[in-house]
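In the two assemblies presented below, chain A is common to both, partnered first by chain B and then by chain C.
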Partner chain A sequence: MSSTPTAPAISEAEVKDGKIERGEDAPAHAVSVAPKKKEPPPETPESIRLRLFVILSFWAIVLFLGLPIWWRTTAIYRAKLPLDQMMDWADGRACRPVFPLRISIEADSLQDHEAQHLLRTTQHALDDLNDFSAHHLRLQLSPPANASITVDGLPTGGSDEEVALVIRLLPGTESKADLQSYSPILDVHYTPNQIPSSSSSSSFLATYIANTLREMFAEEQAMISYLLSTSSAPPERSPKALVPEVAESLAKWTTRSIKYSRTYHLTFSLFTPSATPSSWDIEAALEEHMKPLLQSFSSISNFTIDTQVQLYANPGVNGNVLKKEDLSGFINAAEWPLSPSIGGAPTVNFIIYVGDMEVEGGGKSWLIPQWGGVVIQSDISDLRPAMLIFSNQLMSLLGAPESGSLPLRLMTLVRVRSAGLLLKASGTMGSLARLTLALPSISIPKSVADGIYTTIEHLRKACDGLGGTEGLENAIIAEEAAEKAFFEKSMVGQVYFPDEHKIAVYLPLLGPVAVPLVMGVLKEVKAWRKRRRVSR
Partner chain B sequence: MKLASFLRLPVLLASVLAPIPIAAEHTSNWAVLVSTSRFWFNYRHLANVLSLYRTVKRLGIPDSQIILMLPDDMACNPRNAFPGTVYSNADRAVDLYGDNIEVDYRGYEVTVENFIRLLTDRVGEEMPRSKRLLTDDRSNILVYMTGHGGNEFLKFQDAEEISAFDLADAFEQMWEKKRYHELLFMIDTCQANTMYSKFYSPNIIATGSSEIDQSSYSHHADNDVGVAVIDRYTYYNLDFLETQVREPSSKMTLGDLFDSYDESKIHSHPGVRWDLFPGDEQGGRERLVMDFFGNVQNVEVDNAGGNDTEWREDLLQLGKKIAELRERAEAQDAAVKNNTVPESKGGTHPSRKIRAAKVEIDETWWGKKAVGALALGGCAIVWLAGTYQDST
Partner chain C sequence: MSIDRRKATIFGAAAAVRVLLFTAFPGLPDLLTARVEVSTPVTSFKRLQEGLFLYNHNVSPYDGGVYHQAPILLPLFSLLPSSAEYPAFTYLLYILVDLLSANALMKIAESGEAGSSKLYTSPRKDKKWSSYAIAAAFLFNPFTIATCVGRPTSVFTTCAIILAISKAVIGSSYASMFALSIASYLSMYPILLFPPLALLCYDRRPKSPQPTSIYTSVLQNILAVGGFIPFLLYMSSLITGSWEFLESTYGVQLLLPDLTPNVGLWWYFFIEMFDSFRSFFLGVFWIHLSSYVFGLTIRVRRQPLIVLTVLLGIFAIFKPYPSISDTSLFIALLPLYRHVFPLMRYSFLASSTILYATLLGPAFYYLWIYAGSGNANFFYAITLVWSLGLSLLVADILFAVLRDELEVERPEMKGKEIRQI
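== the complex of A and B ==
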């Protein structure tokens, strides 16, 4: 029983008291020697039960405490986002941008019914001309003349709605239209025989006014329709195709204009190749020519101004006649200190270079899209021409339309900017929604969700109030909130970990813990099966 | 005045014409140049990046639009026999460090997290503008990376690595937020081509120095510096850029650049990925080298057409308007003063003050203290228990 069949030579005496006699041949046989197996005393049912409880309690801790803790601590927090709403905004389903422009007619010299008839026929003529429904000119009689009547017979929206333009009808000797330069007022002169009779459905005066208005707002209409066509609005809403030339000049317009910001930083620099001039009368020039313009922009953006003079500054391109394709190299970016890292606002650079070179074709100034402008001038005692060029360049860099009087251009800019911001914020909503779905392992903190709700709220307000400064203000808030939500600082980090990494992290920790746990269960199951076999 | 005159054209014609595709051009160029390895023996990686930095600067990208990441300071390394300089060639003709270099991220700031934050612009308010990638949908970006890498990863700082998946996701986030127009990704590391294999965002051209299971080799060593000074792939790229793209008006294309790669010289198989680019290989090959390595701006020269007088008149008109506006503003001011309403200065004059960044207040301050105290107390109890056990 104790000796194996392969080792018959071993005598009982050799293993008798548990130790092997170490003879010469002993090592050869020692391997096969097994001490007599002594059975442990049978376990009591209590101890079996106790051991079972011990194992179960360990597993219970692992399953009910360890696992939830691990799950909780490694889970990525993802705030719930209104994805459907966000996609609705991005796809243009949530908002139909409409720009109702109120144009009020002052016709004190006309009879009440005449004025109303004129209004109706002009509105008809306008509606016939207009083929872009989002941009809509609505005429009304100015309140002092007639308080509560509009074209459609609906009550007026009240005096809180801004009037885009006032038309003053004045009797005169010939028919002509004069746009006042400093306020949004159009003077229309008419001859007495042009007053439409109440029976006729159209009149010369009505058509004349309609055409004038249409011409005045054509550029703005083109800008807005271009913006909408480049966004992801549903195709049936996007306006008719633009004439290629118009589309081209609008593409240039978007290329040129700087992205909207609440504050811009203007830097005026004087670069001179020698030691003179070392000073310029920039303070007075800015006060004289720049400040009034900037002030008129104050409802759209704010500006900060800095100036600098740099001596011994050489341009990147030399020669008396500069070629057009060399001009982008004229700014010596490596050596001229034009770093924009002042404050948090984008910088617009305006540079006067002292010299007498000129561009092929005779120009001495040029505009660099989204960057600023350059003027070459040999005599800097008079800064007026340079400042005038800079103001023109600033207008186009900020995206203002090219025609019309200054107030009208600014009001157009307000509308175009609100449309642009509205579309941009909506686009950001869509990007964020798509990213959330595409990157399931990125965390989304609560601040992002809050930002999105703020954005949507203000987008709604902006969409309802498009066309006025309030719409712009709401669009700005929406855009800022959307940017903040998208660029949330904590939504970053490595999101991809290969499986090898996960194993490498967990194995040293879980291996030593898991082995006794699993082995304990296995042994217990084995013992249980053995007991069952025995008892059967 | 051009646009306005076009608008008077019969608009009815337009409905017949199909909408023309808008060929958007880029308006700014940015470069992100990253070296990812520390230590003196990785001198060549730093030299790679600095040579490229010098090249893009030569071709016109301003410092404010170059993000340079250097994880170590070879110029001031005590082992450097030429203190304060970095050379990428044994002839030591050009000191790459020079006196006009702007390093945006240096030392331990060069981490995977910071790199991804830079690309996705998820940075705090305190981050200065010079350290941010302020690109938009009209920006072309050159991303150049070099270091030690492997299959689908690139090591950062000898401590962590960025995976091809994370890089691809970062580019996708940039694309989603319209943060680039076109992007050229270049990487010089071992098994470099695997790094761009996971990209899935459009408008990217990617090129790498070596295929999977292939090493990237250094070009030559400088015996006085004591280590290799440049990698082969980068060396031959620079060779092309220095000899063929001499001035910003160069018309060399990316096709010319990639055709110049000679595998027998580079000692590995450089790869190019075109499929993400609109127009695939053909479209990509026609792109100018200067579209990515230079700063080409489409300037608009005033009065190029020769209508000098009209233009002057416009200016005069604007000047008059401004004068009028000012008068009106003054009148308004006077009226306001007459009404004895104190006028807020900030409202009328653009303020010169720049707001300081807000410092965040930590609200969980007490909780953190408690945790710390608890941990310390626990340690003390354990230590006491230990000594008590020892003594008994």
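== the complex of A and C ==
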């Protein structure tokens, strides 16, 4: 930084003043015949006063204008952040993620006391089986009047009334469990002799129901415990180590699924190596096979859709049989117009390639993790198979579990997603708290503090309502606010600006300016003390 | 009568030179308008045209972010026929403003304020130049001529400042304060001239039966300026229909968003500045500029006119968007102190430095911008030399005046070397 022009000018002007004012001693030197030193003639009080005023006028400007400006312009605004709370969230102390799943038992055919007893023994059996306290199945008897509490798709209502599953106990000839495909109802058939007697502490039916339930929710439990184990939760809370195979499949699940977003964009593309076919009946197919699925997703994410047809499109790999390692090169990224995420929403691509190649080992479709799916099909008059594959791939890409009926899978997805977002937002807050502690010189704008308070508020709500759609909604808001606060642009401007550098900024200009100012005062003080000594 | 003829000759010749330059070299005005030494973002004639165009099409002139000049110039220039079609009217206006400035300068010279103020009379006061010589030195100064031909709006500020001083030396303080208000309204920085100008008005006030105290006089002047400036600002808000002109005119001067190179020292400094310190150093630069005002006013209380002169010199060096127009104003006032010229020690060094920078400045700018064989440091280096030359001149004239005062105080010191202890 060049300060040269200003500094000399000031000191020069000052020195000139000095020269003139101290010129009084010159005669002593000039007229002295003898070389001995003579005291300069005394200054007139008027000139002393004048000099004092000049020095004062400069200092007044420095003190009354300079200092406030320095204070105002270089002060770093640091909004107060609730650091303790943020660290509590990050360390998992603020929220203990618990997913209470209510399972309602409908046992119209049983006596009330029988049903109560069955409930108790089943609950007991469940508790014995469960080793992961965060994921807790709780049974309740549904009053016969509200027997049909379930509606199509997801159960509605507040989180308190939300029932994850209804078990219908039906008398039958053999004992079997039957999960309905489109509503979260499990039909359990039992033979009359399986009704537990009130004296026995366990029964075959209770154990059977408990085992069935445990099997059904095993995948979800594994997912959530995997999420918790990868987060920074305190070790005593994290579940026991997962079985290696399960952990591996869950790691695959994490790499496969796309980062959560409120909106996804789906692109359906038809690529054909020749001029035909130039049209496909995609609209009807989407309407029939895709829209219902997307509709049921509406409480989790929204979707926008576009479609395209590309003629004379050559894949990146040729040959009739595609080897496994060819699959990654099949998408001709250079030539196929598959745009990356448009706007903010991540894009999921689904591609039908017209051809008769086959993947080595059979099959004509595959999934590309976090990107989309490909189906090779020679005849596009019937899009149904492709659409079914795409639906499956979409579920997979969005992170839904692989087993269970659709409503159960969706509800599991809601719970898993809310847990993931909750942990992510908490982690972000922890990072932000550590960042502000580690770098005391960065500024923290008010918007960051506001974002943090929004995050905490919604995290609290999300934590309270974990497991339901409301919890997910709150977790989404919390995560968005946390990300926004963490990536606030004005915060990073001065991150790497240690205090030593400030000397390098101030000194070149202000140092030379300060010298005449300080020296003027010092000289004046010295002269004043001398005068006082003489006068005494 | 012969005196008037001399004045007429000088003025006529000055006008003729300008008319000749305007007509014989039709490309010259536009060439000079584009020069960074003549036009700054806050005075450029080209930018004025832009503002005028927007204004005439009922768009806020400040919308484009190009025009940063006072709103009152717009109705003034829209009264004139378009400068693109009938440039003669614009030329005439600028020539007239120059002559007006010269006329005011002559009045200052004739008042003899430079040689003998109320509180101080220089022993050398008879060794002065005539007012004709001073007017001629102003009118035929190449910087003044270049400024006139380049048509920056700073000539109006120059004229207002000289008028303010010329009114102050005849003691008509309200006229002087009005002129100062106009100058401050146009360019903001002249408001810093208020303390010495108020003192000058006080010193030269007309004799009245009851004595006025200095405080009453200064207070009256403060009230006058405090009345005129808000009035002008209010008129401007009526002209443009909003108050946004404040930010676009004075905000630009204060915050320096436009870093177009000029002969000053700010632009390069703020190109290099860390963003987080930008506002602090803006404060430092402005405080530096204004810190001289009170110190000088107190120190040379007996000669307010030299304070004004030295301050104008300091402004020409250190103000945010200086141009040779500011230098020409400073150099216009210098000849009033012809009597202390013999006491100056570095006049040769200072004048040759300025000459050197004047010749090399455009060359280095050409090397940087057009030839591409130099870089910004070339031009910045030459502006440093230019500022150094001006600083020498300012410091030297101040030294000479103070030496002059010393010799009155201590006559035995006459002609002796002085040294600092």
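To be clear about the criterion, the second predicted complex is superposed on the first by the 426 of 536 C-alpha atoms of A that agree within 3 Å, B and C clash if a C-alpha of one lies under 4 Å from a C-alpha of the other, contacts with A are read in each partner's own complex, and residues count from 1 in each chain.
The rule is short, and it goes like this: a contact is a pair of C-beta atoms (placed from the backbone, for glycine too) under 8 Å apart; a residue touches a chain by one contact, two chains touch by 3 or more.
Treat the numbers as computed from the prediction; the structure is a model and nothing was measured.
Engineer: Let me test your reading of the model: by the given contact rule, A:63 touches which partner, first (chain B), second (chain C), both or neither?
Structural biologist: After superposition on chain A, A:63 lies in contact with neither partner.
Engineer: Have a look at where A:504 lands relative to chain B and chain C in the superposition and call it first, second, both or neither.
Structural biologist: Neither: A:504 stays clear of chain B and chain C.
Engineer: Return first, second, both or neither, reflecting whether A:98 touches chain B, chain C, both chains, or no partner chain.
Structural biologist: neither
Engineer: Return first, second, both or neither, reflecting whether A:284 touches chain B, chain C, both chains, or no partner chain.
Structural biologist: neither
Engineer: Check whether A:518 is in contact with chain B, with chain C, with both or with neither, and answer first, second, both or neither.
Structural biologist: It touches nothing on chain B or chain C.
Engineer: Any idea whether chain B or chain C touches more of chain A?
Structural biologist: B
Engineer: Does the superposition put A:54 against chain B (first), chain C (second), both, or neither?
Structural biologist: Touch status of A:54: second partner only.
Engineer: Identify the partner contact of A:369: answer first if only chain B is touched, second if only chain C is, both if each is, neither if none is.
Structural biologist: first
Engineer: Where on chain A do the contacts with chain B and the contacts with chain C coincide?
Structural biologist: On chain A, the residues that contact chain B in one structure and chain C in the other are 493-494.
Engineer: Inside the complex, what are the residues of chain A that reach chain B?
Structural biologist: 131, 181-182, 215, 218-219, 222, 229-230, 240-247, 249-253, 255-256, 259, 289, 291-296, 298, 302-305, 316, 324-329, 331, 333-335, 338-344, 346, 359, 361-371, 384-385, 388-389, 391-392, 401-403, 405-406, 427-428, 431, 434-435, 438-439, 486-496, 498
Engineer: Write out the stretch or stretches of chain C touching chain A in their complex.
Structural biologist: 265, 268-269, 272-277, 279-285, 287-288, 290-292, 294-295, 298-299, 301, 314, 317-318, 380, 384, 387-388, 391, 394-395, 398-399, 402-403, 405-406, 410, 412-413, 416-421
Engineer: Under the definition above, what is the set of chain A residues touching chain C in their complex?
Structural biologist: 1-6, 8-10, 12-13, 15-20, 22-27, 29-31, 40, 50, 53-54, 57-58, 60-62, 65-66, 69-70, 73-74, 493-494, 497, 505, 509-510, 513
Engineer: Across the complex, what residues on chain B touch chain A?
Structural biologist: 1-4, 6-9, 11, 13-15, 17-20, 22-25, 27-28, 57-58, 60-64, 100, 112-113, 116-117, 120-125, 128-130, 134, 136, 138, 162-163, 165-166, 169, 172-173, 176-178, 247-249, 295-304, 306, 308, 314-316, 318-326, 328-329, 347-352, 354-355
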